[in-house]
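What follows is a single structure, written as structure tokens, with notes after it.
Per-chain numbering from 1; labels A, B and C assigned in written order.
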Amino acid sequence: MDTLLNNLDLFVGGFKTTLFLFVVSAFFALIIGSVVGAMRVSPVPVMRAVGTVYVNLIRNTPLTLLMFFFAFGYPKLDLGNVSYPTLAIFGLSIYTATYVAEVVRSGFNTVPKGQAEAARAIGLPFSQTMSLVIMPQAFRAVIPPMMSVFIALLKNTTIAAGFSVAEAGAIRANLSERGEPALVVLLWVALFFVILVALLSLLQRYLENRWRVLR
Amino acid sequence: MRKRMSLLGAAAVIAIALTGCSGANPGGDSGSSGGSGDGSGSNAPYEVASSVDLEGSPTYDAMKKRGNVIIGVKEDQPGLGYMDAATGKRTGFDVEIAKWIAASLGFGEDKIEFKAIPSANRESAIVNGDIDYYVGTYSITDKRKQQVDFAGPYFVTGQGLLVKKDNTDITSEKDLAGKKVCSATGSTPIQNIKENFPDTKTVEFDTYSQCVEALKDGQVDAVTTDAAILIGYAAQEPDALKVVGEPFTVEKYGVGLPKGDDALRKFINDLFTNGGDTWQAIYDETLGQSGTKVEQPKVEAY
Amino acid sequence: MSDTLYDVPGPRAKARNRVLGIITILVVAAILAFIIYRFAESGQFSAAKWQIFTFPLVWQNVGIATLATLGAFALAGLLSLVLGLILSVGRMSEHKWVSIPVTLFIELFRAIPVLILMMIMYYGLPPLGVDFVTPFVAVVTGLTLYNGSVLAEVFRSGVESLPTGQKEAAYAIGLRKSGVMALILYPQAIRAMMPVIISQLVVVLKDTALGFIVTFHELLYLAKFYGSQFTYDAPIIPTTLVFGTIYIILCLILSGVAKWVEVRSRRGPGSAISAEVARTRIVAADGSAA
């Protein structure tokens, strides 16, 4: 307990940064991912191809390598100074977006065929088929896996610790010099992650029950 | 003549093959000693001891049993502990000191396995027994003494600042307020900055090379660590980098040893105390090339 | 199924799609061109930046690092599967004193970031006198605990998605519980879940890259090392490109296996459940660690 209380500044600061990375990356991942997910089901073949290539390329690259590229490679391109947390957000967003895209795509796929066919049969164009019939149903199916993606994102923020972002994963390195036992520090960090993940899971369950589609 | 050329060729092939073997050791260590050209036999200022009088050292017993010695070093500090990534050759003052200790324990260069350990993991590596001892700009501090033991010091330096050549804002540590300063994660200098210069923003990486890259890219304003290390970098790229101000701390480099191995600690301390000429020769060959004159510090046995 | 979202395009839709297609191509081309232009402008294609890849020792080390990555992956993958099987059996146990602790175990290790697990192993345990923790051990243990817990849930949802008739019929012909599990339920569940299992293995492969933070000498560690060699002009971007390609190839091979297995299992005699149904529940569920 002393380890926690004596170094509260570092713990609070670390988890603040973690939550900041999480919220901002989730926001951008949601936007990029929705666009890419929509591209993957669009009637335009080129868009589908671009979406597929993006998802397959990034999903098969370790997030660590992406962050590595942004933290060390990006500054070499003379595109202006960007702080390390921002560079980590680039990496996290672009990576998580591929998972969001897949969730969005499979969300469309969970809507029974008949729904789209019926919508088209009553003469709705693609845009209205999507916005009035498919999207509202897909949205509900998407909630649980989307929350899982966000839980994974929360845990993935720890990787930024390797790239000069002082978030929760970096607390140990800072405290090792203060002479604190590494195990105690890490167990506290782990405990806070368990609590955060539990909160997100509760939210997931709540939303799932609230918007359950009965078929 | 022609025959000789082909012989040389064959020798080169064998050398490459040998490098391959040592590179493929089980630890997957990307940077084992490699088949560097200079044997420690002829031109090294020390000789491999044939009989070693060292009793009651568990570390030494383990080395003897294993038949080789595993030394933790840095590999990104030119002049101190450096490895040429493409040729695998290790150079520098710390590396030579490490080899000297190994030689006095009866291990020639072919019996040394080097392991690169970043600053933040040095205690873990020693406590875990990943390495037998550590020689790599390792400052002796009381906090570290709680986990490991130190022989030495074998070198004394102090914290300095490295900036871009065209930087005129920063001339000493007093100009650091509001600036971004980079150093190795968990190192003494970064702790010093955090405690004594609270207005300074800090950036931390595993290795100083990454800090120097960040400095050149304009991501940070200065790199801080021991002046000896910074001089090594500035010497590599005198057109881009410079060291400013006077050292504002005192850092004593020691050899990191497993806690409680007093026999080995005394052995290395005696080696330093009695080997003044060897120390000087090593210094002149490595850091001394920069033109800076330094005296060997007195061993502080405890 | 996405093809039922819209009609077969008529002449106007075709024209519109063509315009949209061209716009997409232009936008993507512009982005790529800009990246390549920046690369070229900042000298990323200069010979000096790529010189490091002309040394045989470098490629030799790349080979060794690839083996280290694959070694950690193979062992962690195997152990995760074993742990996952054991945990899933425990989780579905009818004895509360088994199922509750196992459930807690699974939930706990799914919630802790893999990197923190590795750090606990590598930095946390040695001061307590645990002396077998090498970086390799830390990486493999961290990956196994996390992915084993995730796979346990995959196996469980595979089993639970089977029609109850399967289980009832198995009991009816006189099998014991162990027989029902081993002979009837698990083989079907594993087959149905194969694509998910393999994509989880892809996650294991990618997550070995976390090892560089606990000084495991794998591909990314080497990439960082070579990328910061200033004697070779600090070739960060060339190394990222080279090592990124290696990772993508390795992962694509694994994903290719997953596709192949999926196609093959679809061809086979009809499974009791639609794999699609079971899988949509856990699509992307925990697969998205590094």
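Just so we're on the same page, a residue touches a chain if its C-beta (ideal position, glycine included) is under 8 Å from a C-beta of that chain, and two chains touch if they have at least 3 such contacts.
Note that the coordinates shown come from a computational prediction; the quantities given were computed from them, not determined experimentally.
J.: Pick the chain whose C-alpha centre of mass, unweighted, sits closest to the average of all protein C-alpha coordinates shown.
T.: Taking the mean of all protein C-alpha atoms as reference, the closest chain is C.
J.: By number of C-beta pairs in contact, which two chains lead?
T.: A-C
J.: So, comparing C-alpha centroids, which chain is the farthest one from subunit C?
T.: Result for the farthest chain: B.
J.: Report the inter-chain centroid distance for subunit B and subunit C in whole angstrom, where each centroid is the mean of the CA atoms.
T.: About 38 Å, centre to centre.
J.: Taking the mean of the CA coordinates per chain, how far is subunit A from subunit C in Å?
T.: Each chain's C-alpha centroid was found; their separation is 16 Å.
J.: Distance-wise, how many Å sit between the C-alpha centres of subunit A and subunit B, to the nearest whole number?
T.: 41
J.: Give the residues of subunit B that touch two or more other chains, as numbers and ranges in rising order.
T.: 124, 206, 210, 213, in rising order.
J.: Two-or-more-chain contact residues of subunit C, please, as numbers and ranges.
T.: Touching at least two other chains: 123, 127, 224, 228, 234, 236.
J.: What parts of subunit A, by residue number, touch at least two of the other chains?
T.: 72, 76, 162, 176, 182
J.: Write out the stretch or stretches of subunit A touching subunit C in their complex.
T.: Contact set of subunit A toward subunit C: 39-47, 50, 56-57, 59-65, 68-69, 72-73, 76-79, 96, 99, 102-103, 105-106, 108-110, 113, 116-117, 120, 126, 129-130, 134, 141, 144-145, 148-149, 151-153, 155-156, 158-159, 161-162, 169, 172, 176, 181-183, 186-187, 189-190, 193-194, 197-198.
J.: Touching residues of subunit A toward subunit B in the complex: what are they?
T.: The contact residues of subunit A facing subunit B are 72, 75-76, 81, 84, 162, 164, 166, 170, 173-174, 176-177, 179, 182.
J.: For the complex, give me every residue of subunit B touching subunit A.
T.: My answer: residues 120, 123-124, 143, 146, 185-188, 191, 203-206, 210, 213-214, 217-219.
J.: Mind pulling up the subunit B residues that touch subunit C in the complex?
T.: Those residues of subunit B that touch subunit C are 16, 19-20, 23-24, 27-31, 34, 75-76, 84-88, 117-118, 121, 124-125, 127-130, 147, 206-207, 209-210, 212-213, 216, 236-237.
J.: Mind listing the subunit C positions that touch subunit B in their complex?
T.: Interface residues on subunit C, with respect to subunit B: 51-52, 55-58, 60-61, 64-65, 67-68, 71, 122-123, 126-127, 131, 133-134, 136, 214-215, 217-218, 221-222, 224-226, 228-232, 234, 236.
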